[in-house]
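A single structure is presented below for examination.
Every chain is named by a letter (A, B, C, D, E and F) in the order it is written, and numbering of its residues begins at 1.
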Amino acid sequence: MKMFLTILFTFALLFSSSQASVQDFCVADLSLSDTPSGYPCKKPSTVTVDAFVFSGLGVAGNTSNLIKAAVTPAFVAQFPGVNGLGLSTARLDLAVDGVIPLHTHPGASEVLIVIQGTICAGFISSSANVVYFKTLNKGDIMVFPQGLLHFQFNSGKIPALAFASFSSPNPGLQITDFALFANDLPTELVVKVTFLDFAQVKKLKAVLGGTN
Amino acid sequence: MKMFLTILFTFALLFSSSQASVQDFCVADLSLSDTPSGYPCKKPSTVTVDAFVFSGLGVAGNTSNLIKAAVTPAFVAQFPGVNGLGLSTARLDLAVDGVIPLHTHPGASEVLIVIQGTICAGFISSSANVVYFKTLNKGDIMVFPQGLLHFQFNSGKIPALAFASFSSPNPGLQITDFALFANDLPTELVVKVTFLDFAQVKKLKAVLGGTN
Amino acid sequence: MKMFLTILFTFALLFSSSQASVQDFCVADLSLSDTPSGYPCKKPSTVTVDAFVFSGLGVAGNTSNLIKAAVTPAFVAQFPGVNGLGLSTARLDLAVDGVIPLHTHPGASEVLIVIQGTICAGFISSSANVVYFKTLNKGDIMVFPQGLLHFQFNSGKIPALAFASFSSPNPGLQITDFALFANDLPTELVVKVTFLDFAQVKKLKAVLGGTN
Amino acid sequence: MKMFLTILFTFALLFSSSQASVQDFCVADLSLSDTPSGYPCKKPSTVTVDAFVFSGLGVAGNTSNLIKAAVTPAFVAQFPGVNGLGLSTARLDLAVDGVIPLHTHPGASEVLIVIQGTICAGFISSSANVVYFKTLNKGDIMVFPQGLLHFQFNSGKIPALAFASFSSPNPGLQITDFALFANDLPTELVVKVTFLDFAQVKKLKAVLGGTN
Amino acid sequence: MKMFLTILFTFALLFSSSQASVQDFCVADLSLSDTPSGYPCKKPSTVTVDAFVFSGLGVAGNTSNLIKAAVTPAFVAQFPGVNGLGLSTARLDLAVDGVIPLHTHPGASEVLIVIQGTICAGFISSSANVVYFKTLNKGDIMVFPQGLLHFQFNSGKIPALAFASFSSPNPGLQITDFALFANDLPTELVVKVTFLDFAQVKKLKAVLGGTN
Amino acid sequence: MKMFLTILFTFALLFSSSQASVQDFCVADLSLSDTPSGYPCKKPSTVTVDAFVFSGLGVAGNTSNLIKAAVTPAFVAQFPGVNGLGLSTARLDLAVDGVIPLHTHPGASEVLIVIQGTICAGFISSSANVVYFKTLNKGDIMVFPQGLLHFQFNSGKIPALAFASFSSPNPGLQITDFALFANDLPTELVVKVTFLDFAQVKKLKAVLGGTN
């Protein structure tokens, strides 16, 4: 029995000595300044299992809007447990005729998993400018490479549900329409850099709340 | 109209010049040798949208076995489109009483998304040796940091379904029981490095097909 | 003198033993398949100084086109010496009224150095959707973070010249107009994912050579 | 002489201008929160050579315990000078019959250098489940890939000494027995996820101080 | 119109929810401790376009010194906008006969762009010890792989101007002469580790202000 | 018993399906072209434990030379098992008065472990130009940050033995004297970029076999 206690003692020593630098995980302390590699870590001793579990994706997003769609993110801001771990998740709800408009994630690749319904999804390669799109059924997955323009829309007759996984805790989201028509980028400038008609830009700025 | 053609011409030139090095994606050519960063890429001109879509996760795995569970991977070997993109996916089916035994992924962190049923999941931190586990319901997600021992089992009364996302196209999977009892690691050696009883090791080796 | 020869001998031995794995650089062998980390390397013994020097940026690009601008890349496809080294370069010529339309680089951040003339440049942040733009004079530099929509145009009365540096040998280039209007992405689909008017899409597809 | 002073002056200017961002090294300030890339740096002006030297590995660890072995780490917590530099070190003392039980390093690969005695060491690959083990003599080195289960034990008749190097300042250490039997992971749960007999688990929990 | 307002509302919600974790960029807060991945970020809401523009490279450096050359850096310390973005820039002015002495950048590869004049530049590979050098004319670019000794000097009859880009916001700069002769490294030690004559070392220490 | 066989069967299936992409390790196939991330991998089925063990460091290097020192590397070229694993090793033998001349490793940080004797070691920081050096005794370790000039010499009265670990399988080695005086870099050029006296350069070129 004495031998047994000695093992215990040895192991305890072994671990106590390296305990200060444990970095199995790095739950984000959102109250501190972000860094290029992610948020500083909460002290491990203050972390419970709840830091690693997120329940916000169990509820459907509200699709009572024009795009008839909703994205519910579980990125580092909502789910601090993924900080530093190289991945995150989001829930997509698409009502009938719902659409996630053309967008990019500047900081991550994405895999979409269709759980219910039928979704048409696609992306456009950059320099070669090739379009890749396909209709996805329940259980199908599709990958969207980092930084490329892509879209998803409900191509079926029932609401669709999907989950998206990202290769970063903080993938970012840049919706092209939003970038062009929902801020104070001057209309003349939008016209200059997109070749869209002035009236078209004004029309969409009115819809999306853009000024100038 | 001449002007219009000129734009077209300009863009075409612009793109043709950089076309040779397009690397928006790198669909794995599994016939070539792997490298530390992943497989060499198929020629983009031979790639179609099917390289980016995988349909194998739509079908339930066969859970008619002792663990009453099945894992269906969509890693780079099954889904070459994720090569080089930093993520992959798998489907988990757990019949009632099903369990995914204690295991690690040496090369990736994991996020589990529960689609149906109730799953109890947990992981154990390394040096601090703290256990984090919780019962997850439909829609809950949990993150398992890279390289740490973790497990999942069906804690409900109906079959459970979940999808796992990984922060690598090739996360690896090391089931502790399999490593100890399902190969030719000599029994004496297992005893020596685990302190398990000789009879216990022999018993599980018999079950799992281990020799020596 | 014997001592001196011995040094020489020692050094020669020291180096010959590790010569096989020299990887100070990795000049791209463009004839082999790309990998997620870049092209396989040419044998160092076949590499001369010319692999590390590129003279193609000394000549102005042809700006006799509608956008009155030209981009001349020195990415890995044109300049194999940058393979694996984490950076590349391009030359921008903007005639009076020239414009580089809205675009992203999916794989790199960019720094622009104005050598001659006056350039107005800007980018749009993703989730926060803030526009950052400014007029740059000779000698000014501006940074454009990876994956974000940005643009440059000549805002002066003389031709402008600038060099762009990128944080990757293969930054990619996705011009939004080109992605939407210069390929076979169906018009209905463009309308669906951008909210642009059908006529607007058709008009620009005609200009840029898009079909469907 | 005036010329000489001018050189000096020029160099001084050159360096003073970039001095604020010197990051040749980043000695860990363990009083601040860790980040995913390591600890924040001490101000370089407060750092002396002692930050880069560690003398704790010169003394044998205490092997008067059941495993007859001791591991003395020089990870970032003990040796803040390795912070951000991608490597660390540890000393292994194995008395006759000493053993380092089955374990993984979730965050690093390891190279073992045998300095004295004879050590039998091995690792088990993940998905392919192959065992690689060999007896190492003085001067032999062996590499253990990141995250894989491995072990070392003294297979000779004299005490053995070895040094281990790791590809991270903070490799982590998860001893399988410790994870299973030395914390509050409920016995029923251990049985469920390992298929070990209940009595076996209880027996080892008693030895290693586990509860529940 | 109501529909339009709803879009706006949806988008606003979508973005407000992930706003806290926006990390399109990470402008350095130089008042906080550096980390291995760069400086902590300024709060995005306090950042204006001026953080992304640097005007210090528009003015020639002072070359009235012995080396007849000047380097003006736009590294993270001078240009906080490049923090975390993987690149930076510097201006090189070389008067007639000007020279940038032998040096390395421990943390980055470099691309040099010649804007005016003629520059002879070269680097030396490490283990194979091969010299690569060439005369560069206006518009030529040359790449210098990370960590290798290299040099540049004006080989023409007019002043030369060049810009250098680096694959890190903080490339570092170690001028060999400065390391050997401009600090307190004891003369005996310099002799021992370089085989230079004692008198030679003393002579250059006198020029460059070295002591001991 | 039937149940047991079923487990076995399940596990076998589980593993066979992902076997093709096993990348626990990537033993270098030195017959193929290197890539920026390392050599392509040998087929795992052809790899034995001998790929992970290297016995070449058990024998002292030959120090019967002017520097009275020898470095025996176990980099990827000598020890293909470390390919892709982020670390490597070397043996240093220093006879009495032996010295490893001033050098850098362009691709790795280093930790030195003194096994026998007394070694004086130091490095010089880059922009700040500070010298850090200290006498190391048996068991002491010292870290040398990536790319910085450093040196080691025997400062005791008996032969010294040390092992060096590196944070890369291919750290590179650039000895300053060798780069300056042991190749065909023209003497005038060496003088120009180092300010050394012409005679000094000629003298050392004669010793080290340099030409021109």
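Everything below uses one rule, namely that a contact is a pair of C-beta atoms (placed from the backbone, for glycine too) under 8 Å apart; a residue touches a chain by one contact, two chains touch by 3 or more.
This one's a predicted model, so the numbers in the text were calculated from it and none came from an experiment.
Interface comparison, E-F against A-E: more C-beta pairs in contact at E-F.
Comparing B-C with the candidates C-F, E-F or B-D, the pair whose contacts agree for more than half of the residue-numbered pairs is C-F. One finds 34 Å separating the Cα centroids of subunit D and subunit E.
Once the centre of each chain is set as its mean CA position, subunit C and subunit E turn out to be 20 Å apart. If you average the Cα atoms of subunit A and of subunit C, the two centres end up 27 Å apart. In subunit D, the positions touching at least two other chains are 15, 18-19, 22, 24, 32, 35-37, 40, 106-107, 122, 126-127, 129-130, 133, 145-148, 172-173, 178, 182, 207.
A list of each chain pair in contact follows: A-B, A-C, A-D, A-E, B-C, B-D, B-F, C-E, C-F, D-E, D-F, E-F. On the subunit C side of its complex with subunit A, the touching residues are 99, 101-102, 104-107, 122, 124, 126-127, 129-131, 133, 145-149, 151, 153, 172-174, 176-180, 182-185, 189, 192-197, 200, 203-204, 207. The part of subunit B that touches subunit C in the complex is made up of residues 3-4, 6-11, 14-15, 17-24, 26, 29, 32, 35-43, 83-84. Residues of subunit D that touch subunit F in their complex: 15, 18-19, 22, 24-25, 44, 48-50, 52-55, 57-59, 74, 79, 81-82, 85-89, 91, 108-111, 113, 115, 122-123, 125-130, 132-134, 136-148, 163, 165-168.
Per the touch definition, subunit D reaches subunit A in the complex via residues 30, 32-37, 40, 64-67, 70-73, 75-78, 106-107, 169-170, 172-173, 175, 178, 182, 206-209.
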